[in-house]
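Shared between the two complexes below is chain A, which pairs with chain B and chain C, respectively.
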Partner chain A sequence: MAKAFFIDTTLCTACRACQVACKQWHDLPAEETQNLGTHQNPPDLSDKTYKLVRMNERVIDGQLRWLFFPEQCRHCIEAPCLEALGDPAAIYRDPDTGAILYTRQTAQYDADAIIESCPYNIPRKGADGSVYKCDMCNDRVHNGLLPACVQACPTGAMNFGERDAMLEMANQRLAVVKAKYPQAMLLDPEYVSVIYLAAFPPENYHEFAIASRTPVGVTRHMALRKMVRPFAAALSRLG
Partner chain B sequence: MDVSRRKFIQISGATAAGVAVSHLGFDLRPVKAHAQMLKTQYAKETTTICCYCGVGCGAIVHTSRRGDGRVINIEGDPEHVINRGALCSKGSALKQLTENTNRLTEPMYRAPGASEWRQVSWDWAIDQIARRVKETRDAAFEVKNDKGQTVNRTTAIASVGSAAMDNEECWLYQALLRAMGLVYVEHQARI
Partner chain C sequence: MTNHWIDLKNADVILIMGSNAAENHPISFKWVTEAQKNGATLINVDPRFTRTSSKADIYTSLRSGTDIAFLGGMIKYILDNQLYHEEYMLNYTNAAFIVGQGFGFKDGLFTGYDDKKRSYDNAKWAFELDDKGVPKKDSTLKNPRCVFNLLKAHYERYTPKLVSTVTGTPEDKLIEIYKTYGATGKPGKAATIMYAMGWTQHTVGVQNIRSMCMIQLLLGNMGVAGGGVNALRGESNVQGSTDQALLFHLLPGYLPMPSASIGSLAAYNEKFTPKSNDPRSANWWQNRPKYTVSLLKSFFGDKATADNDFGYGWLPKIDDGKPYSWLDIFDAMYAGKIRGFFAWGQNPACSGANSNKTRQAMAKLDWMVNVNLFDNETGSFWRGPGMNPADVKTEVFMLPACVSVEKEGSITNSGRWMQWRYEGPKPLGNSRPDGDIILELGLKLKELYAEGGTFPDAILNLKWDYMSGHRYDPHKVAKEINGYWLQDKTIGDVTYKAGTLVPSFALLQADGSTSAGNWLYTASYTEKGNMSARRGQEDAPNNIGLYPEFAWCWPVNRRIIYNRASCDPKGQPYNPDRWVVKWDAAAKKWTGDVPDGGWPPLQNPDGSPNEAGRYAFIMTKEGHGQIYGPGLKDGPFPEHYEPLECPIEKNLVNGQRMNPVAPVYGSDADAHLTCDPRFPYVGTTYRVSEHWQTGLMTRPQPWLMELQPQMFVEMSEELAKMRGIKNGERVLVSSARGEVQCTAMVTKRFKPFKIGGAVIHEVGIPWHFGWRWPESGAEESANLLTPSTGDPNTRIPESKAFMVNVTKL
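Right after this comes the complex of A and B.
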């Protein structure tokens, strides 16, 4: 049974426990950063930062809002990165949890093309040429533990469980939150395993908060691979 | 290729269906052993209390059984009544109290008026601390106050900090300070 996250941004205080817990569990090193005038730090996801709390100051209806967006891989139900690459040795889906997982084999491919295929702009290239991102703490989930980010969350903004239960929780919270924030919405709930509840239109949180904001960049090479893949697979079986 | 990202998701879904049909009945889903081993699988588990503030969150420390006893992981204790597994960003970084290449592992000394720190030996540092504490305490020790009440205290020494000590270490430390007659005893957990 596929798993899902429900992330209620209206409960997020940007304490960044999820961000640190993720680094801690994955033994990822610190990044050297500089003061850019925001508490968002490091400034972007990287091969050393799979989870990042994005922070934005927005004036909405004449009122200043400080918006927090704990960003991570959405583990898409039909993942464009997986479908476009077409090599299960590099990118595959764990049928038990629904996690989209990258291996070191991603180094055999054009990292920029993999990154471009992501509607949420999540994967990042590492120094070794392979591509890195959130792995849903698949090891923890298989052993009955919560993902590190979810376990660490002190406010209940991060939740994890069976997809049905998370969708139910998301819809219940949406109904409650709408009373205070009429524009509240769930972000792409039917397409992804990481369902965000946003109080305001998603572009206020992050350029890639939902999938439909920007044109996707699929290189000709990736598109071609995708088209010929079924035939190649069939031929290799006949041969 | 000018399609919106949302459309692309739909396209890839359709392609996935096409792939399934074209496989002539073979299931191409990756056959992988998904049994994943935790990095804490063989570690020793110990409970502790987070040292950073007054909330007192419970944490589980996983240490290596290989003999070096190094810390592999520290995370919130789901069975702890206060935090039920949660930790803040500082608590989530507890492991770095011991596993961190930026840690100082030798005592450093900055002489009065000096601008630079220099590394000194443990023997020298402990001897100096003991010597100066004793000298200051003996010179400023008050047995009775102005009203003639017995106080047995020194107001010439203060203790501030100890943020990286756990509960038990703090008890030992403050017992030592009280025994010496300090009254200005302050800790990170009260800040």
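Right after this comes the complex of A and C.
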């Protein structure tokens, strides 16, 4: 049975232990950053940053909210990146965990096309030409450990387990949270293995919090179809 | 903490004020979250909307330095609306006590003020005593001189309107918070307070906390599950260091430091052993002589005998009335009165108020020993900004200490849990545990004093036998702190053998037959083993998260102190679902947590008085929680005073602008300017999740620097617009004492305040930076700005409210 995350943003305090734990487990270097007038840092995901807590100040119904969104790959049930590329040597799905995994073979393809195929704008190109993102700590999970980000979370915002259990937890929490936040919703729960609970409409958290808000302006299934052609062309070029 | 971290989950209301728990005590939010899931309301009051505020059910802001006004308003609201827990208040607090005629309050001053000495004679504030010497009480609360009525009269002025104009908090928010918090005065309800340096680092720091203690006593929230007054300590072992007396006015276990005029042990005991004439007051400190002698036996071993006052004469004595706090030490050092200095596990060049003065002061030393993990701004002060190494005579020695995970020993957390930890990796390179360094230092001193010197007895007679195989032995020290039987002793029908460990502080003796390095820790390491190393996973029968066999907690493993106050006078819990202790009348004993003494409750099951019962607050002389607190330096009731530097010319509450007894220093490095157009904005300092203390352990860590790379100043959009400052640009923040470059963070999370009709802006800066790292040297310490003043009781510096300017670079 596939695994899933449940990320309850209503419990996230943006301590960013998850962000650092991710770097630690994957032995990723720090980025040279500057303070850009926000606590959020680095400014974006990269080949060195697979997990990023996005922080946004919003006034909603006259009340100030500071919204935290611990962003990572959604490990889609039917992953557009995987299906568009069609090369299991570069992008494949672990049948045991459901993790969508990228290999160094992604360097053989057009990185921008892979990135654009993602309705959540997650993958990033590295200096070596291959494409990087969250790997669900698949090595930890196969050894009975929680993903590093989940292990580090102090409040229970980050959860991980069997998909059914996570969906059940998500729906239970949604029912509770709705009493306080009537607009609360789960973000694309049927499509993804990383299910977010948001208290407010998702665009307040991040442009790409849900798939329908991608720049291509279409549903993720439409996006998938549109991306197949350039990939096919790239493949044919590579012969 | 009177309670402990897990216990936060038992609260109905949590007030986070004077701390930013989500950011600075992130794990606490595990329990805050649990409480919220159980239906608790989280209230957060902070000048700035923080990550804590983002999780609060009710948030409001207040101007830094006005907490007493805010809380005084809450006291008035609780009294006006009769939200107090009357039975609790009458039985367990001093609300009904009659105050003597000497007490009075006028124009911001209590009686007994001496304006030349800037101090009070607090003997004026004593209770009225009956012919037996017991404070008089009026349980009908009709006597106008009873504490309850004096309290009412004192806070009559603190109307929501006045409070709002002082704090800048909107009136409707004040009322909403007062109402929500005050609702826990109902029996069976509990509210807790989580505070930290946001309350302590003020010229009214102690009285900030006093205000909250009074509220908790009025509402019956002390001693109960989910209640208490909870200080979130700033390091994992700050509680431990406090217990072991890392403070100038104390010996280990909160025994007072002797002063020069107290020439004998008898005089010391006479002065510091409280006497109560009320037979129902346990007056626990009457046992102080036992703890003092046991401590002296621990220090001096066989050399301490009844004939020589157990070595009392060898203890160092402070000069009468003279403070030796951080501020005073650096003031003396700046004046050239101190020749040598050990900076041990600290970074004074960045950590204390008015860092320019501190750094200049260190240049006047002959020598300094810096004991730390790495070189820091202190060890390298002589080559820091504004220093010419050729002009600095101070010789600096660096002793590399190993990091905590490389050594064995205990820490005591905020919840008073002593937890044993083991050595992980071996110390790196030539670094060594602090224990080894200090033991060898002591041995060397003994060697040198054996050759002669001034008053060698004090050093030569120290027992100093904590090594095994020439290395510091943490088990020997832990056992020494617990204490030993030094002679065979029979008490009741039990004989304790010499050389065995004392099982409880109730057995410590004043005759020299026991030792204890810290009486509060007696029972932590016994013949049954090292209690702090226990990792039992079972909860107590009351199932409120006490986990009594996980680690060990002082005193005597009592997880919630003052817990007998959680019960009615018959010993039955006010909250049967979250009970802490209860009296089993048939078995004649308390069950649940370790009770605050085994005496029966005040009443029998039929409501008749039980003369064997004792009052619930056993550590006070009178046995009652102190709504009226006559023992402090600045008054028995908290009163609002403005900080040393503030944005308004007059205190809007009374005729004294600042705390009349707060210390003010007079050197040329102690400039301060209040209500001055050159420094028009309130400044405050704080921490972030991503750095620790002065950043010594976090600034060289690239993953953490990635998250918080630079010094910043947070300010409102309104202030930024007025000053033409753009988000993310570098600016200069300055005070009367120094200046620091910062990156502007323009945010909706700071809002201007309306104070006394004027618009007042506040800005905030983190304190974690210093020139030594990052390598640019451009990210400096917030303490270059903070003033040399502080609380008159503790002398903690006022780092949380001062005046600054912000200009474009």
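Throughout what follows, the second predicted complex is superposed on the first by the 214 of 239 C-alpha atoms of A that agree within 3 Å, B and C clash if a C-alpha of one lies under 4 Å from a C-alpha of the other, contacts with A are read in each partner's own complex, and residues count from 1 in each chain.
One rule holds in what follows: a contact is a pair of C-beta atoms (placed from the backbone, for glycine too) under 8 Å apart; a residue touches a chain by one contact, two chains touch by 3 or more.
Model, not experiment: these values are computed from the prediction.
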Discussion item. Quick check for you: in the superposed arrangement, does A:C76 touch first (chain B), second (chain C), both or neither?
Written reply: first
Worksheet item: Between chain B (first) and chain C (second), which, if any, makes contact with A:A211: first, second, both or neither?
Response: first
Worksheet item: Which of the two, chain B or chain C, is in touch with more residues of chain A?
Response: B
Discussion item. Output check: A:D96 vs chain B and chain C. Expected answer is one of first, second, both, neither. What do you get?
Written reply: first
Item to complete: State whether A:H142 touches chain B only (first), chain C only (second), both chains, or neither.
Response: first
Worksheet item: Where does A:A165 make contact in the superposed view: on chain B (first), on chain C (second), on both, or on neither?
Response: neither
Worksheet item: A:Q24 contacts which: chain B (first), chain C (second), both, neither?
Response: both
Practice prompt. State whether A:R65 touches chain B only (first), chain C only (second), both chains, or neither.
Written response: second
Worksheet item: Looking at the overlay, does A:A2 come into contact with chain B only (first), chain C only (second), both, or neither?
Response: neither
Discussion item. Is A:P154 touching anything from chain B or chain C once the two structures are fitted on A? First, second, both or neither.
Written reply: both
Practice prompt. Across the two complexes, find the residues of chain A that touch chain B and also touch chain C.
Written response: 15-17, 19-20, 24, 154
Worksheet, complete the sentence: The chain A residues in contact with chain C across the complex are 11, 13-17, 19-20, 23-24, 29-39, 41-42, 57, 59, 64-68, 154-156, 176, 180
Practice prompt. Please name which positions on chain B make contact with chain A in the complex.
Written response: 1-9, 12-13, 15-16, 18-19, 22-24, 26, 28-30, 32, 34-39, 73-76, 78, 83, 85-93, 95
Discussion item. Per the contact definition, I'd like the list of chain C residues that touch chain A in the complex.
Written reply: 22-23, 26-27, 29-30, 33, 37, 49, 51-55, 57, 688-690, 702-710, 712, 727-729, 743-749
Practice prompt. Within their complex, state which residues of chain A touch chain B.
Written response: 15-17, 19-21, 24-25, 27, 76, 78-80, 83-84, 88-89, 92-96, 119, 138-140, 142-143, 145-146, 148, 151-154, 188, 191, 210-218, 223, 226, 229-231, 233-234, 237
